[in-house]
Structures are given as C-alpha cells and as structure tokens.
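The data blocks that follow each hold one structure.
Look for subunit A in each of the two complexes below; its partner is subunit B in the first and subunit C in the second.
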Partner chain A sequence: MWVIIMSQKSRLLEFNTDIVDVLSIEKDLEKIRACIQCGACSAACPSGNYTALRTRNVIRKALFGVQSVLEDPDIWLCSTCFNCYEHCPRTIPVTEIILSLRRMAVSQGHLPDPLKGVIHNLMNKGHAVPIDPKWSQLRAKLGLDPMPPTVEKYPEALVEIYDIFSAIKFNSRIPHR
Partner chain B sequence: MSNDQPTDQPTDQPQDQSNDQTKDLATGKPKIGVYLCHCGKNISDVVDIPALMQSTKDNPAVTVVKEYKFMCSKAGQELIAEDIRNNNVDRVVVAACSPLMHEETYRRVLKDEGVNEFYFEQANIREHVSWVNLRDKKGALKVAHDHVSMAIAKVSNNAPLERQKAKVTQKALVVGAGISGMFAALDLADKYPVTLVERSPTIGGHMAQLDKTFPTMDCSACIITPKMVEVGRHPNIELLTYSEIEDVDLNIGNYEVKIRKKARRIDHSICTGCGACAEACPVTIPNAWDMNMGFRAAAYVPFPQAVPEQYTIDKTNCIECQLCVDACEVHAIDLAQEDEIIERTFGSVILTTGNDIYDPTPYARYGYKKYKNVLSGIEMERLISSTGPTLGKVINPHNHEKPKKFAFLQCVGSRDFHEGAHKYCSRVCCMYAIKQARQLKEKYPEADISIIFIDIRAFGKGYEEFYEITSREYGIRFIRGRIGDVFQDYDGTLIIRGADTLLANKFELRVDMLILSTALEARADSSDLGRMFGVQKTEDDFFMEAHPKLFPVDSLTDGIFMAGTCQAPRDIPDSVAQAKAAASSAHNFMNSGEVEIEPYYSEVLPGNCSGCRSCILICPYDAISFDEPSQKASINTVKCKGCGACAAVCPSNAIMQNHFSRDQILAELASLFPWQTQPNYPTQEGK
Partner chain C sequence: MVESHEKANTDADPSKSEVQSEAVPAVEPHSTYSLFLGCVIPNRYPMIESSSRALFERLNIGIKEMEGASCCPAPGVFRSVDKALWLSLGARNIAIAEQNQANIVSLCNGCYGTLHEVNHEIKHDSELKSRINTILDKTGKEFQGSIEVKQIVEVLYYDYGIDNLKKLITNPLGLRIAVHYGCHLLKPSDLKPFPEDPDDPHFFDELVEITGSVSVDYQNKLMCCGAGGSLRTGNKPSSLQFTLEKLRNMRSAGVDCIITCCPFCQLQFDLGQLEVANELEPGEEPFKIPVIYISQLLGLSMGMSLEEMSMIKPDMKGISPFTSFDPVLEKLARENRLAPTGDDHHE
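Right, the complex of A and B next:
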C-alpha cells in the first residue's frame, strides 16, 4: 500500500515564477511581489461574501506560480469593483492583476462555460446578447419589423465582424468555437 | 580579474625619475601620492585596479601610485606615512570608501607626519563607483578614473588650512519633557545646569497618559511620577513648562535660544495648587489630556499628579468672569499676565519633542468618528486608566453600558503605502493592543476579545513571552487578517466583516467596541522646530540622525542631539536608552569646553564686495551680516557651515569658500572634461 502511495507522483506544490514573470512586464503589476498577505483584499471583496473568491489566495497562487489559479473559476468571480485595490496597504493593483490573469487563462484555453456561450453568440450572430423571441413578438405587435436592424438581420455583415476579430487576433486567442 | 588574490605586501611602483630633482617643497611642483584601496574585494571585484593604476600613473601631476588591500589598516596608513617621511610625497589622494568613513583617519596620518591635513583628498570609488556599478565593470573603471583624476586636480590646488576653536557654554537645553526629556535632563543635571522646556502645563508626556506599561504590566504613573517629582525638585534643572522655543541662533557651542513662557494667568510663586479656581470656574471644555472624553474647567491641571502641581488658566477658553480671582485665597491670579520671553545661551541641545498620534478618520471604512464605539488605542488607554474620565470603568460610549465583546484592529495608519498613512511600522501598537486586551480580561474575565493583526511584532525583551502568556492564559482570539467594512446594527453593536487569512475564509464578527491601534507619527509642527535647530527630517517626517547606526542620537549639527519618538516610533525602554545616550553625548561635547570647527567657512574678499546683500538673503544659517560703515558683507565663521550658497550667489566673485574655492572646483571640472579646456585634446575616446 505504502509503496503505491509513495510511487505516485507527489501532490506537494511546486513553486515557480512563470506567472509573476509575465505580470512583471508591466511596471505597476510588479508590485504583486511586495504582497504581505494581510488579507485586506479578501476582507474588502463584496463578491467574496457570496462566492468562493478569496482574492488573497488568487494573489498568492499567482505569486508562487501555482497553475490552478488559471484553471479554477475563482478569477472569473471578480466583479472588478476595485475595492481590493483601494484597501491594499501596499497599493498593489489587485484588480488589474486579476484581469491580467484572466487574459493568461484564456490564452491557455481555460475559459468558463458561460463565457463560451457568449463568444459563440458573438461569432454566429454578431451580438453577445442576441434578440429574445419575446422582444421580436412585441415588436411585431407594435407594427415594427420583428428583427431590428442589427447584424442578425444582415448576416453578410458578419464577414466584417470576422475581419475585425482577425485584425485584433481574437480568433487565435479563443480556441473554442 | 587579476586581483582575485591581492598581494598582502604593498607593491612599490617605480617612481617617475624626472620628478626626483624637484623635491624642494617651496619651489617644486606638488608631489602627489595616489593610493588605491581594494577594500577587501568591495572595490577590486568591480574596478580593474591594475588598469586604474596605469591610467593614474599616466597623469603627469602624480608622483607615486600605490595599491593596497586595506588602506585604512595600520599597514596601509604606514604606506602613506613612509612616503611622506622619505620626502617622496607632500599631497595625498586616497581612492577608497566615502570620506565620511575614513577621511579623518588619513588626515591624522598627514598631521602626524607634519603635513597640513588639508593637503588630502579622498576619491570615493566604493559607494560612488563599485557598489553602484556592479554589472558594468568597464564603466566602473571609467568612473573610477574620473573620480581619481578629479581628486588629483583638487589636491594640487588645495591650500593649507587651520581648524579654529570655539568656546562651549557649559549649559544644556532639553526641549520636551516626556520620558526621554526627563531622563536626559536628570542625567545631565548632575554636571551641568539644565533648562527643560515643555509646552504643555505639565511634564510627563505621553507616558503619563498610559495606565500600564508592557511587558511588565507595571503601573505607568507609579514609575513616572517619582521621576517627575525628581525633575521638579532638582536644584540644577530649570523647569519651564507652558513654554515654547521662539527662536534659535545657531552658534556652535553657544546656541542663543529665545523661549516664550506663555502667560498662565496664575502667579506660580504664590499658587498652592489648592484647586479653588478650578472649582469656581464656570467654563467646561473637553480635556485634551483625556482625549476629549472627560471635561475640565478653564483653570486646570491636566491630571492630579502633574508637575508643577499648580494651576493654569487657559487663555483661549477663559471668559474673564473673575470668579476665580475671588475664589483664590492667596491672590495668585493675575488675568493681565503677559507672555514672557526668556533668553539663554546653551552649549548643547537635546531634542525630545515626542510624537503625535495618527488620526484614523481618513479610514472611513472603519467608522471612526462615525460610530461612537469605535475608539483609537490612546482613547481606550484613557478609558481603562484609573485616572481617566470614567475612573477606570470601561463603558461603551454608544449606550453607556458595560461592553462584553471587543475587537482590536492593528496597523491602522502604519504599514500602509497610501497617501496620508505611514509606511513604517509603529513598533508599539502590537504590544499595547495585547496589553489592553489583557487588562480588559483582568477587569472583565467574561469579555470576548479578538485581535485582528497582520503580523505580531513582539521584538523587545520579554515581549514574546508576554504575547505567549496573554494568548495562553487569557484566551484572547488572535485573528490573522484584516477588516473590510464596519457597520452598526440598530442596537449599536458593530458588525465587522473581514478575512481570516489562515483559514482562507471570510468572517463576520459582532462586537460592542472596536479599538483601532493607531500609528505614532511625527509632530505636525516639528518642521518649524527642526528648521530652527538646523535638524533635517527623513521621508517619514521624523528627525534625521547623523548616521542610522553609528550616530543614532546625533544630528548633523554639532552639539544638537535627539532622543525618543521625535526621531522614530519607539517604546519606553528604547526612548530611555536613547535619552541617556544623548545625555552622555551632550556631556562629551561640552566637557572639554571647546569645540573644533572645520575650516570650510566662506570668507568675503572686501575688495570685490559691492555690498549688494544677495548673500545675506540666501544664507540658511544666518551667518552673514552687513557691516554698515564699510558697506561690505562679513561672515561669522563659527556660524558658517560651508554650504557655499553665498559663494554661488555672489555676482562679483567676492566670496571665497575655503577648501572649495573657485580654482579648486574649476580644476576638478577641467580634469573631468579635458577636451573642453585643452584645445589640442584628442577626443573623448582618447581618455
């Protein structure tokens, strides 16, 4: 039994500076290295009152290169209210760091499912939130064209949107269609 | 590098034989010896010493170039002494560390060998070159060469100077009568007459406001009041309370100080301290000594054990109703009393002006001043104190009931890099919060107490043990974390939302009182005093010591010392230790009765002076006066610190600063930019 356990890959954390090296490219985000783990960011986080987001944990994992920070949904629970930034005694731009982590997560293919739907809509209908049938019916009832003059009505405009997406390299960043 | 194994023996270099014939001091050109120090590996690891030696040897002005591992060592000094003795060298350049470290050492070598000590220059190739250019060795060599050639140019133009001596008045002034000021005054008073100036009506300072002191839990009043009485009684201490420094004339060794003795409206030679005036006084105002929680009359003593134990009538709050005049049996009250200006001359000054306490109102999230039951640490101290507004009974200021649950929040205003807060650790907050928590537990064993901290810094003697006993025996909850928001419920309880970083979870705590452990900060008006005494301030607004490790109680002005929390936040043991150190430094300074003054002062060349008075306006030390009969400026050489501002501002080149004359500085610059001064100089690359 022990032999099996011992022969398995150890589950201890291994630290690296991969994430913090990328963050440090920006001068302001480099302040993450000065974090004293006081917990003011977690304490001030309104999202944390209702969700599992522990801002301090996110920062520490990012600082020590723990890969799970990019894979877990925590960073997507942030409402970007900037409370943590305001409370941080070391003036670390916590919210900016979380946004940076999101960008890194997406480029590595870690995107939460609800956001995949949003991108699917954007790609296929040209809108993150396409028109609801309820509103179409209401428009018809009022004597309007059931489809407002949007990309959804003119699918040929989708090509233009694709052009914009490829110009800003959105396609290559989002591996999920 | 070839210097990995520097030779322990001094390496003699062949001297320039052509110079041997011009040894005569009077007629020959100066014989300059350049000594390069390896400073162990501090310099030689970065600066290529053999290359620097070669480039220095190429300088035609130089006679001797030598290198050694430690020039400051006995053997290194002997190297210089030997060359002087053999008449090879009469001016010396040492390229080594900062002149602050060893200039005095080498000057002494020159002095001992009978050469004027100002025929010496130190090129700083450690702090200014090797330590700051660790990764650029090629650049470092270039900069080192510049430093050395500038020093050579300077030393060839140096003139012999003599240090002057000034008499020192054997009297001391101590500014501020808190615990540090009292100890400094008591230590000095056995030898010298001491004047102790305090601006509040009583001595004792912040320590007198405290109830108990950590880590021994001894009563603060019990240990400070005997010392206060001793200060009040000491025949050699002139105690000037309710007085402030008005003006200082910075004459080294003879500081002429004007002290404003504010009108107390009560004649202290008669007042018996009976308190009849305070009873008669109809005015009721918040007592600042009780952090505005208690009340006092306009005629008052701040607290019962005050020294001097005599009353003061507060001018701004007095309504001049004359009731106290009738009440006073000894007729001590004189409402027409005026401020008095006292002038004294002192040999040395000790600044012990103490600290202010941070006002946590800017942290709106903690609800200070918004909710009555959010207090600062010092307010809690007064509330616990048996001499406080409630006589030691802790009550909830919101509903005046007995509180049961308490929370302490640490690091309010300290360790915060935001504008308006302080970056430093205030050193005492951890311990005073633990002490107050323990006192509350002793008074109310059923109390539920949480201390919310970032780090507990129990650094002093017995502090960690105190922390251990408090958490083990008193059952105080230590939460490592921070508070996000504080709300008040309808019944007045505070709802605290925070994060426990060790559980990695958020918590909600309901408490009756929240105590914010506020930072210590520099006195708001310390800039004025600092300017008067010529004491610089550090980034955090506290007074700056001459050297953080080697001269911890000295200022950059001779004869002015500092102690206690005017210099940095510190606890009582450290303040007392510093006060005693400052007293002994002041004694050392005054003891000989004389002080040597560096001859760097400026002089006016009367032939050139046009009497425009620009220098008088610019002098920061008030050292220049205008001589009316001759219509020329004249400089008081004792007051002059040699900053050179006057020499720079003078439109007619009439001011010459010793050791930094125009010729000397221009020669230095010429050696730095030879292609600008020598028409045939090849190129910058040819250097």
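Right, the complex of A and C next:
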C-alpha cells in the first residue's frame, strides 16, 4: 500500500518545481523518495527523547504530500544535530529536508514568532546577537577593542548587508513582520 | 596550508624574544588565518576571543581581521528561514577572507557549519556561484572560491599539529574533563576534510589530554547541547532538556569542568546551569560545573596567566561566565599547577 502511494508524485514535490530561481529550489526534497520508513532517523534523534518530533513521521507526511506538515510545530523541534543523516541507511539528508520544510513553511506564512526578533536584529545590526554598552565594557576590561572588528565597528558594512536584503527581495518574499 | 614544524623548538623570532620568558619554548611563525568572530563570541563571550587571540600569538599563528564581517548567518534560524539570505550573507563573509588571502578559522561550531557548507555548496555549483555573485554585485565583493573554512580544533590538531602543541606544555593541569564536541564540528561528516568518525571522534579529546588532563567518558557524550537549530530561540524548555541530561551525566562521571569549542554550546552549559534550576528533582544539587573554552585550557597548560586567559572575572553584574570558574581555579592553585604570575594583578 505504501509503495503504491510513495510512487505517486507528492504534491509537496510539485509545489517545489514551480519555483525557478536556483536559490529557491529545494533539491534535497526529491531524495525522500528513497525513504523506506525504517525509523533509524527517529532512533538517533535526541530531540525525539524530549519532544513530539518523530522524524520518520515528518518524512512520511512529506512523502505523501501532506501539506499540513508545513503547519506542524514539530518541524521546529529539530536541533539540527545531523544524527538522522549520519544514521540513515539510504543516505537521505533528513536534517536538510527538515530545513527545506521549514523554509517552505515560512514562505507559506508559518514563521514562529520567537525567530522574528533575531531576524530583525540581523536586519538592523548585521548580527543575530548585537553588542550593547555592557558587553562593550566587558570587552574593554578583557583588553579587547570595545567594538569588535565586525559590522559593529564598520557601520558602512551595514549598507552592504542592506544591499543583499534588497537584492534578494527579502521583505517581499519573507513574511517576517 | 599545513607546514612543517620540525624546527619549532629552535630559534626564536627576534621580534618576539623580548616578550617571551626564558622558560617558554620559542615557536616559528605558522600559517595566517582570517579570524571569523560571529556574534556570540565578540558580543557575549569575549573571553573566548581574548584567550584565543592570546593563544594564537603564543603559537605564532598569524591573524588577519575580517573587517565588516556580519553574522555568519546562524545555521539554525536563518537557514530555516531563507536559503538565499543564508547563502548570500555567508558568501559575503567568505569574500572578506578571500580579500585577506587567508583561510578562515572559526571559534564557533555554528559559524563553522554555516561558512563551511556555504563555501562547499557555492564552490561546487557554478550556476549558484554566478547567481550569488549577482546578488553581491552592489556590495563590491565577489565570491571566488579560493579559500577553506576551518574550525579551531581542526586548526590546532591538524594544521598546527598535536605533536607540536605537546612540546609547549609546561604546566600539566591534572583535571578530569567532560569534553563536549558539539554537532557541527563533526557533522555532516561526509563534508568534513578530516578523518573523524562522528560516533567515535578523537581529536578534541587528544587536544584536551595533552594538557595533562583526563577526558572522562560519560553517557551521551556526543549528544547535542540543545541550543542549535533555533531550538533555544524558539523552544527553550525543550532545548534545556538536552542540557540537563548532559549536565547530570557529566556530574555522575565526576568531572572538574566542561570543555567546549563553541560559544553557543558554552552559553547553553554555562547560562544553562542557572536556567535548569527549576527543572531539578527535589533535593537535587544545583549545578556548579565550570565551563571553559579550549583556548583557555591550552593556554593555562602552556604557562599562560589567568589574566591572559581571561579567567579572572571582572567585577560586573550579568556577564559571562555565569557559572563561576572558582572550583577549577581553586583546585589548580591547591595543587600548584598554575604558572607563577610574577605580576601585581593577583594577590
């Protein structure tokens, strides 16, 4: 029964082929066709010890083309340790596929709220974790330049970051607000 | 990039001879790297930056600054959000190191994961490379594919050479250590250029053991700290479950400290020991295991001072380290393991 269903083209995979830009093609997604549902990924998954994440189920839903997997909070419980990929007997890049599903979920409007603050830090400061006066003072006390030689010290570099956001049309493609 | 260090113990660089004490073996100049700092190191764990800079200087490893570098960008959050963003900001950072004409050394597993994989992906896909360079066009930077991205454990063990490091150990520390590798140092293993089995790696343990310490085996030693993949950002209670289990296993094994090679793992264990306080069983002791970065451990074993290794915590509130170094420092002092300071910074 599974074999029959698995041989049909997943709607998720169809969804994927509509996108033409090389940057947006989730090419790893095709590889889930090799999944034999053995569960080695779930057995190796540390998150599965503490959360509802079952990587085997995520792959199965994606394989069946169940769009609801994109709304499933479980895909956000992966810590990207790559154990699943290391232990997959079919060398399916399970971690990459979970990341692919997350990106598809984000493009459908399912961006978890706690991530938005980090995205806005990057957009405003060029860093996910920006500096502030307290940490700058600590740097000085440890004998370092109070401002690290990153975007923090060279604000003109921030213009380059803005140029990149603009070139990839981040604001219009990613519903992050 | 790997050079011979046959003569590492002979003549000193004349420019360095003034600042090196007689007891310290001289070191020949080594390769130069572009130092990628990322976010958590310079902005939350500057002791990792200061101790690593001091260690590199001691080892005569050259450093070029990556001026204007941004977030790597973080492999958990940004890779989960948008591939174009992840690849193009990563490519811009790599392009800065290419202008330096020096391979990248990252002090963070996350930054290493991102930059190493971005570098690999774009180098091996010419269509992607030209698309990325179109995006970078206005920034005046170009991804050429001319450098390698390395992690500090890899640089120390393989590039500098474990045997060359061994010659510099003057103060065996005698500590029982819980090594935490972190995930992205080892995995995905098929992309890594060094021969380490992700289920049975050895290089980080060996690096720790040349300091005259023991890398203690503990249950689930290779398990993730729980911080990655945006799990800490998005679901902290779940992320701390990983940390709590690892802390319990480390404590059962009887260790003096945890050694990391990644600021995000460091934060997860250091601040995490406070954060798991509400999760403890009734009567369970709070955790007070010092979390120390590999550069700090190596520096101390090479006779560098606590101050040079940023292990004297400034008198400020709410700064790292959140879990005190004191238990380890007291043990080292009690056993007379540390280099005599000979200065007026400590009483």
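In this text, the second predicted complex is superposed on the first by the 117 of 177 C-alpha atoms of A that agree within 3 Å, B and C clash if a C-alpha of one lies under 4 Å from a C-alpha of the other, contacts with A are read in each partner's own complex, and residues count from 1 in each chain.
Here is the rule we go by: a contact is a pair of C-beta atoms (placed from the backbone, for glycine too) under 8 Å apart; a residue touches a chain by one contact, two chains touch by 3 or more.
The structure displayed is predicted, hence computed values, not measured ones.
Peer 1: First (subunit B), second (subunit C), both or neither: which does A:C38 touch?
Peer 2: first
Peer 1: After superposition on the shared chain, which partner residues are touched by A:C78: those of subunit B (first), subunit C (second), both, or neither?
Peer 2: After superposition on chain A, A:C78 lies in contact with subunit C alone.
Peer 1: In the overlaid three-chain picture, which partner chain does A:H127 touch, first (subunit B) or second (subunit C), both, or neither?
Peer 2: The answer is second: A:H127 touches subunit C but not subunit B.
Peer 1: In the overlay, answer first, second, both or neither for which of subunit B and subunit C A:P89 touches.
Peer 2: In the superposition, A:P89 contacts subunit B only.
Peer 1: With both complexes overlaid on chain A, does A:N57 touch subunit B (first), subunit C (second), both or neither?
Peer 2: first
Peer 1: In the superposed arrangement, does A:G48 touch subunit B (first), subunit C (second), both or neither?
Peer 2: A:G48 sits against subunit B, while subunit C stays out of touch.
Peer 1: Have a look and say if subunit B or subunit C is in touch with more residues of subunit A.
Peer 2: Ranking subunit B and subunit C by residues of subunit A touched puts C first.
Peer 1: So which bits of subunit A does subunit B touch that subunit C touches too?
Peer 2: Touching subunit B in the first complex and subunit C in the second, residues 49, 83 of subunit A appear in both lists.
Peer 1: Tell me, which parts of subunit C touch subunit A in their complex?
Peer 2: Against subunit A, the touching part of subunit C is residues 37, 39-40, 42-44, 46-47, 49-50, 53, 65-71, 73-85, 87-89, 92, 125, 127-128, 131, 134-141, 183-184, 187-189, 198-199, 220, 223-224, 226-231, 233-235, 238-239, 241-242, 245, 310, 314, 316, 318-320.
Peer 1: Show me the residue ranges of subunit B that touch subunit A in the complex, using the header's touch definition.
Peer 2: So the residues of subunit B in touch with subunit A come to 365, 411, 415-418, 421, 454-455, 480-485, 497-501, 504-506.
Peer 1: So in the complex, which bits of subunit A are touching subunit B?
Peer 2: Against subunit B, the touching part of subunit A is residues 36-40, 42-45, 48-49, 54, 56-57, 83, 87, 89-91.
Peer 1: Using the touch definition from the top, list the residues of subunit A that touch subunit C in their complex.
Peer 2: Checking each residue of subunit A against subunit C gives 21-24, 26, 46-47, 49-51, 76-83, 85-86, 93, 95, 99, 102-103, 106, 111-112, 114-115, 118-119, 122, 126-131, 134-135, 137-139, 141-144, 148-154, 156-157, 160-161, 163-165, 167-168, 170, 173-174, 176.
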